[in-house]
Amino acid sequence: MTISTPTPDRYARGRDKLAEVDGSAGEEVVDSLGDLGRHIVEYAFGDVYTRPGLSLRDRELATVAMLAAKGGCEPQLDVHLRAARNVGLTVDELREVLIQVAPYAGFPAAINAMRRLQALEPQEAP
Amino acid sequence: MTISTPTPDRYARGRDKLAEVDGSAGEEVVDSLGDLGRHIVEYAFGDVYTRPGLSLRDRELATVAMLAAKGGCEPQLDVHLRAARNVGLTVDELREVLIQVAPYAGFPAAINAMRRLQALEPQEAP
Amino acid sequence: MTISTPTPDRYARGRDKLAEVDGSAGEEVVDSLGDLGRHIVEYAFGDVYTRPGLSLRDRELATVAMLAAKGGCEPQLDVHLRAARNVGLTVDELREVLIQVAPYAGFPAAINAMRRLQALEPQEAP
Amino acid sequence: MTISTPTPDRYARGRDKLAEVDGSAGEEVVDSLGDLGRHIVEYAFGDVYTRPGLSLRDRELATVAMLAAKGGCEPQLDVHLRAARNVGLTVDELREVLIQVAPYAGFPAAINAMRRLQALEPQEAP
Amino acid sequence: MTISTPTPDRYARGRDKLAEVDGSAGEEVVDSLGDLGRHIVEYAFGDVYTRPGLSLRDRELATVAMLAAKGGCEPQLDVHLRAARNVGLTVDELREVLIQVAPYAGFPAAINAMRRLQALEPQEAP
Amino acid sequence: MTISTPTPDRYARGRDKLAEVDGSAGEEVVDSLGDLGRHIVEYAFGDVYTRPGLSLRDRELATVAMLAAKGGCEPQLDVHLRAARNVGLTVDELREVLIQVAPYAGFPAAINAMRRLQALEPQEAP
């Protein structure tokens, strides 16, 4: 197993990764969620996102697919569509991910997610 | 919009892509599902998987994440974990995808999916 | 609003409707579930299934679609596929319902439900 | 297996069926969804809705039940409640379908769907 | 099994319990839902909430956790967060319940529920 | 915000809490899940379960309700039904929790969870 770093470094490392991935949208979220926000910074970003075995691009690709398939997580999908762009996914690639969602989660999930992508990137043709 | 090919070619193209991605596991599934199986071949594989905008590796990464997050789709997760290996994802990468599932869908979803990966690749240490 | 009947009649009316719809499969379920089983008899069957505004055929069509779309309810889907046959839906119609599930809930949900229909009616070609 | 028609006819047949079932609400949806919209027209409407084994009324009954049970698909539920009326389901029958949802998916799902029906048909008493 | 009371008393007992638990927010809901509302009063409140084996505090704790974990039930979560306060749960306890949701249903579910608690109790620091 | 303890203590504290709550069933789970198991120990048990604002009894009550409502998490429900007994919930109380699940998540979810409770406590009448 990997060696965990002392907690103050975990929080700092999580904040750094959060800023790199989600930018200001993510920081606003965690700063207004008290201890729940701290868990997100430490565990999701400090422990998971910093792991070397999968790139940030791949992590965001998986996360966008998951949130779209689940449905009902539109606020998080909005943050992660921006994060996906931050880490190098193109709008065309994100459109393809959402087209990939439809056979596995149905058209409603794919449509509702595609609307969020369209809201984020209105100048791009669907 | 892209030009759609005539139907007999769509079915054939879908079968080719299905064999490339899912191998024999996927072919056994669709051959025993009548018209539902034909729709999977034509639409999921003939229309979606053949699209050039996202690699097969990325498509399987998204699909594994979706199926794990949803839960209750273990038969399909088994097929797609094998498909993911077929198209170049390593076991380490798949393990990372499932670790990425936990913050977004909870530990139960991640654990239940990890058990399927362990069943597929028993010789690899978790 | 309709007039509710006194409770002993509600339970009896629910038992009658349960036997009509689910047959012995449903009765075995409720008899082994204590007060939860009594609520199913009184509310689901005594209050809902006896309502005149929708036929038993339509109620089972909706129920099979719902259980297939949700996934993870295979024991209940098994009972309701039999119930659907009891109230006049044909195997061909049930196959069409499950094909209708796929665009709205994805192929995994449709496939997993189709396997239960195939288990119930093995002599019918998919 | 049935014989598939050449693609241009599938798209045209899908558009015809979409207009018959969903009217203008559905057409606006697919025309603003690029290739995802084309897949909906060709596969959902061209391949599934045109199948003869289940009436449009039965297909919409199943679809309304599924969308209500899943939750989180309110935009699609709105379109399909209108479609259900287009193909002959009465408001009373739709109300009964949503009452049927409650024992299987819980009261929250049934209530949230009933609110959409009330928004569509405000002049009808709940 | 317990002895059920005649129906008019069940409805009255349900109304009493509904008023005790949900206050006016719950009463407004059921009064605008016709027969679906009557089922909620009779079964959920008349039959389940009146059962002596679990306190109202415990029932609301479970209900808030369930609605948060499921997601997409924000109207019901709003009613039950108020109900939870009515029956003695503190805001701090409710915050802890939502923090408990995250490992089991993921951070999106926990965040979206926490936002509803914050909307209900804005003067309390997160 | 609370002060986080250095990581080695977090892991140890998490292991202690895991043993107190889940006993050997939980320990077997985490020990066979590599880094995912470590995250469960550190975050779920080290950071969440040790928080003083909600008792272990209340945490398990919420967790059992969530897992039952979600469905498809039977392995985790089995572990947490045992954990609930460990921290002081009686079988009668757990039966009431599952009866409480039905109005909010439907009878299928409640039935499938009740079967797991019956499997755990076979000598107790349903």
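Note that the chains are named A, B, C, D, E and F in the order they appear, and that numbering of residues resets to 1 at the start of each chain.
In the analysis below, contacts are C-beta pairs under 8 Å (C-beta built on N, C-alpha and C of every residue); 3 or more make two chains touch, one makes a residue touch a chain.
Quick caveat, the model's predicted, so the values are computed rather than measured.
The set of chains in contact with chain A as well as chain C comprises B, D, E, F.
When the interfaces B-F and D-F are ranked by how many C-beta pairs touch across them, B-F comes first. Chain centre most remote from that of chain C: A (centre = mean of CA atoms).
Although chain A and chain B carry the same sequence, what matters here is overlap: shared residue numbers make up over half of all numbers found at their interface. We define each chain's centre as the mean of its Cα atoms; on that basis chain B and chain D are separated by 27 Å.
Note on chain placement: the centre of chain C and the centre of chain D lie 21 Å apart, centres being C-alpha means.
In this assembly, the C-alpha centroid of chain C lies 31 Å from the C-alpha centroid of chain F.
Once the centre of each chain is set as its mean CA position, chain B and chain E turn out to be 39 Å apart. Of all residues in chain B, those that touch two or more other chains are 34-35, 39-40, 43-44, 48, 51, 67, 70-72, 76, 95, 99, 102-105, 107-109. Taken as a graph of touching chains, this assembly is complete, with every chain in contact with every other. Interface of chain C with chain A (complex): residues 102-109. Partner chain B is touched in their complex by these residues of chain D: 1-2, 4-8, 10-11, 34-35, 38-39, 42-43, 47-48, 51.
The residues of chain C lying in touch with chain F in their complex are 29, 32-37, 39-40, 44, 67, 70-73, 75-76.
For chain D in complex with chain C, the residues that touch the partner chain are 40, 43-44, 48, 51, 53-54, 58-59, 61-70, 76, 92-93, 95-97, 99-105.
Those residues of chain A whose C-beta lies close enough to touch chain D in the complex are 71-72, 95, 98-99, 102, 107-112, 114-115, 118, 125-126.
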